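A, B, C and D label the chains in the order they appear, each numbered from 1.
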Amino acid sequence: MAIVHVPPQMQKLTGGLTEVEAEGDSLRRLVSNLDTAYPGFKDRLIKDDLVAPGLAISIDNVVTSRGIFAEVLQDSVIHIIPAISGGR
Amino acid sequence: MRDFEYKAPATIDEAVTLLAERGSEARVLAGGTDIIVQLREGLRKADLVVDVKKIPELMSLAWRDDGGLDIGGAVPCHVLYNDAKVINAYPSITDSAKIIGGWQIQGRASLGGNLCNSSPAADSIPSLIVEGATCRIAGPGGERLVPVQEFCTAPGANVLTEGEMLVSLALPPAGESSGSRYMRFIPRNEMDIAVTGAGAWLRLGEGGETVEEARLALSAVAPTPIVAGEAEAWLQGKPATEESFTEAGDIARKAASPISDMRGPADYRTHLVGVLVKRALNGALGRARGGDRNPVIPSGINLC
Amino acid sequence: MGKKIHVSTTINGEAVEFLCEARQSLLEIIRDTLTLTGAKEGCNNGNCGACTVLMNGVPVDSCLVLAVEAEGAELETVESIANEEHLHPLQECFLEGAALQCGICTPGFLVSAKALLDGHPEPTEEEIRFELSGNLCRCTGYDKIVRAVQAASERMKEVK
Amino acid sequence: MSENFNHAQIIKDPGDNYKILGTRPVRHDGVDKVTGRAIYGNDVQLQGLVEGAILRSPEAHARILSIDTSEAEAHPGVLAVTTSADFPDLGDKIANLGEGPVNLAHLAANCLAKDKVLYKGHAVAAVAAQNVHIAREALDLIKVEYEPLPIVTDVLEAMKDGAPLLHEGLLTNLVPGGEKAEAPSNISDHHHFKRGDTEAAFEAAHIVVEREFTTQTVHQGYIEPHVATAHWNQDGQLTVWASTQGSFSAREQTSEVLQIPISKVKVIPCEIGGGFGGKIPIYLEPVAAVLSRKCGRPVKIQMTRDGVFEGTGPTPASFMRIKLGVDEAGKMTVGEAWLAYDTGAFPGGVIGPGVMCVFSCYDIEHAHIDGYDVCVNKPWTKAYRAPGSTHVAYAVESVVDELAEKLEMDPIDLRLLNAAREGTKRVDGPVYPRIGLIETLEAAKNHDHYKSPLEGPNRGRGVAAGFWFNIGLKSAATAHVNADGTVTLLEGSTDIGGTRTSISMQLAETLGIAAEDINPKVADTDSVGYTDITGGSRVTFATGLAAVEVGKDIISQMKERAAKLWECEAADVEFSDGIFSQGDNSISFKELCAKLSRTGGLITARASVDPQGFTNGFGVHICDLEVDVETGKVQILRYTALQDAGKAIHPSYVEGQLQGGSVQGIGWALNEEYLFDEKGHMLNPTMLDYRMPTALDVPMIDTVIIEVPNPSHPFGVRGVGETPIVPPPGAIANAVKSAIGIRMTELPMSPPRVHSAITEDGNGAS
């Protein structure tokens, strides 16, 4: 099970949990599993098959540019952080 | 910018005739470092631009028999500060010439142009005032003389009437045991408009310990460059010391009536008058006592 | 108005003639009419020095010169600094010393620096910084530019 | 003669035995750039080229009631006039344009205002004419009717209830891309991170320091104004000659704004006269394109300098509150940050990196960060070198310095005690891989500058640390191996500071040949694979990686050719130091190149990379200065920049990045700021009054490169471009404190500000 760290503003979705576990070998699968457990999660993270604007997903401390196709391992740790928009 | 006519007369008479004919439509072009920007930005308008750089009198440095110097109205700054004799006789003027814009500006800009642009912050005007310069003005009615301190009348305005032009700046012979210095304060070390400027000229009495005569002029603290008369008078006969100069600076502050703008708040400018008058007087003193008269590179503390 | 004026001048040793409007700057004519695009427009206001050329041997901001004023003048641009086979020592030192990054200010710096060394072969660091203060560079922080001018001054001594 | 150039101290990694990397070849594009032959955006000359000009709003906030262009169109010499009416309607479409999401409606409305102008200088209309003088005359003939609206330019004012709203419908993103606030406001985004129990930790802390800081709007200040040339062919093919940090990004932005297929747009990157983040967004490209379509001629538009200051994206003004707590030993236990950045006219500023960078240099257990992006009536802020990081570093490094004072600890020792290291978890989540902050701090502590005494009145020394990411993103490269043993390299990263050479050197190292034997070309969008922007300190890292992959492909193809010559298996052919060998056979790279055409033809290789994840760069700066207490003017006396740069491919250009970034930071710290009047008009849109440092304002900038290898690059490369601008304001503020005992909490530390602080403090000379 991969561990997902939930940022404060999303914690009301997880009933206050700061950390949740989920299955899935790609970000797409992982998020849809999360969405069944915590409805609304997918809407927050994914916008038309891309990571939502302004967001970045860090998998095992590596921010992926592969969006929902990014690979997730059994024991991956996932963080949801701001994108460096304009920050280039 | 709107297009305009360009004429480059070879004599003063031709120039004056053109200027008189065209009146307010005409603008004189010397170094162009102000007027070209102003035309481009629509701050001034012109249908005719009269380039005076083909007129010999306006491009010459003429030493008179009395030892004084006539500086042609369009002589560029770099000519002045590359002339050892000018540096030695009128160091505050070469101080100014060396810091008006960068080298590329000094290759074109002239003291006459700086004066006729009549900016309250002009770097050369306080120097011309303390060195006792007089404007030689040619016009349809012939020639007239105006002391530099009476030339500017308001920001961007001066005593020139339609058809008149500045021909040259006449400097009196440099006196014995005298020295002068121009200093300005700017946030950078170069390429900036004076937040406040001060020109100081001193003649020392026997033994070089007392001030026999002092002249002080300020820029960027009034609608025009001004003379700090009360401080000048106060200095007469005073010991030539840091204390006197500090006191003179405090008195000079009273002459200042600056505005607040993006280049500095009014009270700060008034404060700077005291600092710069003191520093300029110190510089002038050093030179009156035989110190180096070459323009000082304005980098580092206390040099601006 | 809009009437073109005929101007004869000398640029980089070659006699040239051109037609211009009175309002056109020397920079405009050098770049667009004479297609010498080495001189750059950075501010069109005399504040950045990217358009520096030599006029009768003196550095000027060509954006603050009217093209008509070039009548009878001798002009030199960055294109004239190297000769047929060789770069000028300043150009060599700018390259070896990595004194340029984006390179847009480089032509102006080279023209000013050449005028400086021609008149003053051994300037101090302070003199170099002062005489180049009319040229702005935003990439290098000036360190490598000043060192390149110092290196060129040494190299020019050696060849003499 | 290179000794004249006095190169940096380089602290090498023990494992380093490269042949080409670390040398200093002359850049490949060098001769063109010192002879004036290089073609920059404004040097493009085309048959029938005409010139354009932009009409800009005199109002800082107004509704556009009408625009009448008829007189301008009738003006002799005018060929076309355009307004936003000529742009397609984009609704509220968000596009991911390589460097992050962009609201296309905002992007288009910033190129030409739609129903409202949101800042003084906002582009409203454009004219194409026979020459620029006629075009500018025509601008005066365009009649625009404005209904002025109340303005707000201050970030805190804009956050208040009842502040004038720039975007009536703007609802704050409470989660990026997610939940929104109910009521509209000027706040476009709110970022929030919390870790541990900050309240309790502050209770327990031995010393707590809390301070508020403000900074003003500053501009990247590149010397080349924005310029674009467009030709819209009768067949619908649009060609754009651009001065851009990313030709592919410019292509995407242009095609999206004009709603034409990417395949119809070709962007030809010209040499670029500086960017620093400011030449990522487009401003002129679609405008020149529409004008060209209307008049059937190629149209070039170059911005005026005041257009650049007033109409392009500077970096935000900010308000910051920082609170830090330490225990008796000086260990930072808790930190709190409240940050508000103005984004200018449209949403989407740089608060994201701001909140990620604020405590990024330190290992802090309990932390609480709030960050806000706030719209105001100023130009739309954009990236400027380590965007968002310099602000927070100024604030945090000032507070850290104050903690060191109160603890009576050496400021570098305090930073060493708390420095982030491999395994440290940033407040926003990610855990650091191998980083070099500790090594950089130690190098600073041991540097002659830090050890040498500083004497004289009103003189002080300050240090500060800084952090920035290196991003990865996509890069492609193609190479053709020539019979003479040279290699032509096509890459898509526009070269702002010598990257052609730093990329070529990585290919040369891979192939065991000289850097001069690589002939790099920055190719247009039709001629090379997709490559993201030049920015994010990524080019030498990511495009370099592509070049390395190309090199590997070349080697494996050439092994097969060698195998043909020697009638052996390619797998048995060895390659090292530029020599192919098998048994007693051996042949050099060059010799084998000469035989390629007879063994199956010349070789082409290509690579396209998308390295995952960013690494990090840390810098530590030391500054000595003197304050003229009578005027408040600060003079920098000595300056040293140290940085964990990974492997320095071309050390001269790494030094150049450190020096250039430092001086930009010095300008930001001392004099640079946008000054506005009450109408929201910028008072100083010239290079005379927007005071960037001149050569006379700064000393030599001493540099130290610490080569802590980046584990995610074969040569250990880290990006170095951005970090150097981060520490200067903090280092200078700390030096001013040590010089005159006054802590400056507002940037810039300009003479009037410093002088009034001295006067208020009572130590003043006046």
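Basically, contacts are C-beta pairs under 8 Å (C-beta built on N, C-alpha and C of every residue); 3 or more make two chains touch, one makes a residue touch a chain.
Since the model is a prediction, treat every value here as computed from it, not as a measurement.
J.: Could you pull out the chain whose C-alpha mean position is farthest off from that of subunit C?
T.: Comparing chain centres, A lies farthest from subunit C.
J.: Where the CA atoms of subunit A average out and where those of subunit B average out, how many Å apart are those spots?
T.: Computed value for the inter-centroid distance: 69 Å.
J.: Measuring centre to centre with CA averages, how many angstrom lie between subunit B and subunit D?
T.: A distance of 43 Å separates the two centres.
J.: If you average the CA atoms of subunit A and of subunit C, how far apart do the two points sit, in angstrom?
T.: Comparing mean C-alpha positions, subunit C is 56 Å from subunit A.
J.: How big is the gap, in whole Å, between where the Cα atoms of subunit B centre and where those of subunit C centre?
T.: Here subunit B and subunit C have centroids separated by 28 Å.
J.: Multi-chain contacts in subunit B: which residues touch at least two other chains?
T.: 1-3, 189-191, 297, 299
J.: Show the residues in subunit A shared as contacts by 2 or more other chains, in ascending order.
T.: Correct list: empty.
J.: Send over the residues of subunit D in touch with two or more other chains.
T.: Only 133, 688, 693-694, 696 qualify.
J.: If we use the touch criterion from the header, which chain pairs count as touching?
T.: A-D, B-C, B-D, C-D
J.: Quick one: in the complex, what on subunit D touches subunit C?
T.: Per the touch definition, subunit D meets subunit C at residues 1-2, 4-6, 24, 26-27, 29-31, 33-40, 42-43, 45, 133, 220-225, 271-276, 302, 304-305, 496-498, 650, 652-653, 655-656, 659-664, 686-688, 692-696, 698, 700-701.
J.: Please output the residues of subunit D touching subunit A within their complex, sorted ascending.
T.: It is residues 94, 96, 99-101, 173-179, 189-194, 277, 280, 348-353, 355-356, 381-383, 387-388, 428-433, 469, 471-474, 533, 535-536, 538, 610, 612-614 of subunit D that touch subunit A.
J.: Using the touch rule from the top, collect the residues of subunit B that touch subunit C in their complex.
T.: So the residues of subunit B touching subunit C come out as 1-6, 8, 29, 32-33, 36-37, 39-40, 49, 51, 53, 76, 78, 101-105, 107-108, 189-191, 297, 299.
J.: Which stretch or stretches of subunit C touch subunit D in the complex?
T.: 21, 23-24, 31-32, 35-45, 47-48, 50, 77-79, 81-82, 87, 91, 93-98, 100-107, 110, 125-126, 128-130, 132-148, 150-151, 154-155
J.: Could you list, by residue number, the parts of subunit A that touch subunit D in their complex?
T.: By the definition above, subunit A touches subunit D via 5, 7-10, 43-45, 47, 50, 52-55, 58, 61-66, 79-88.
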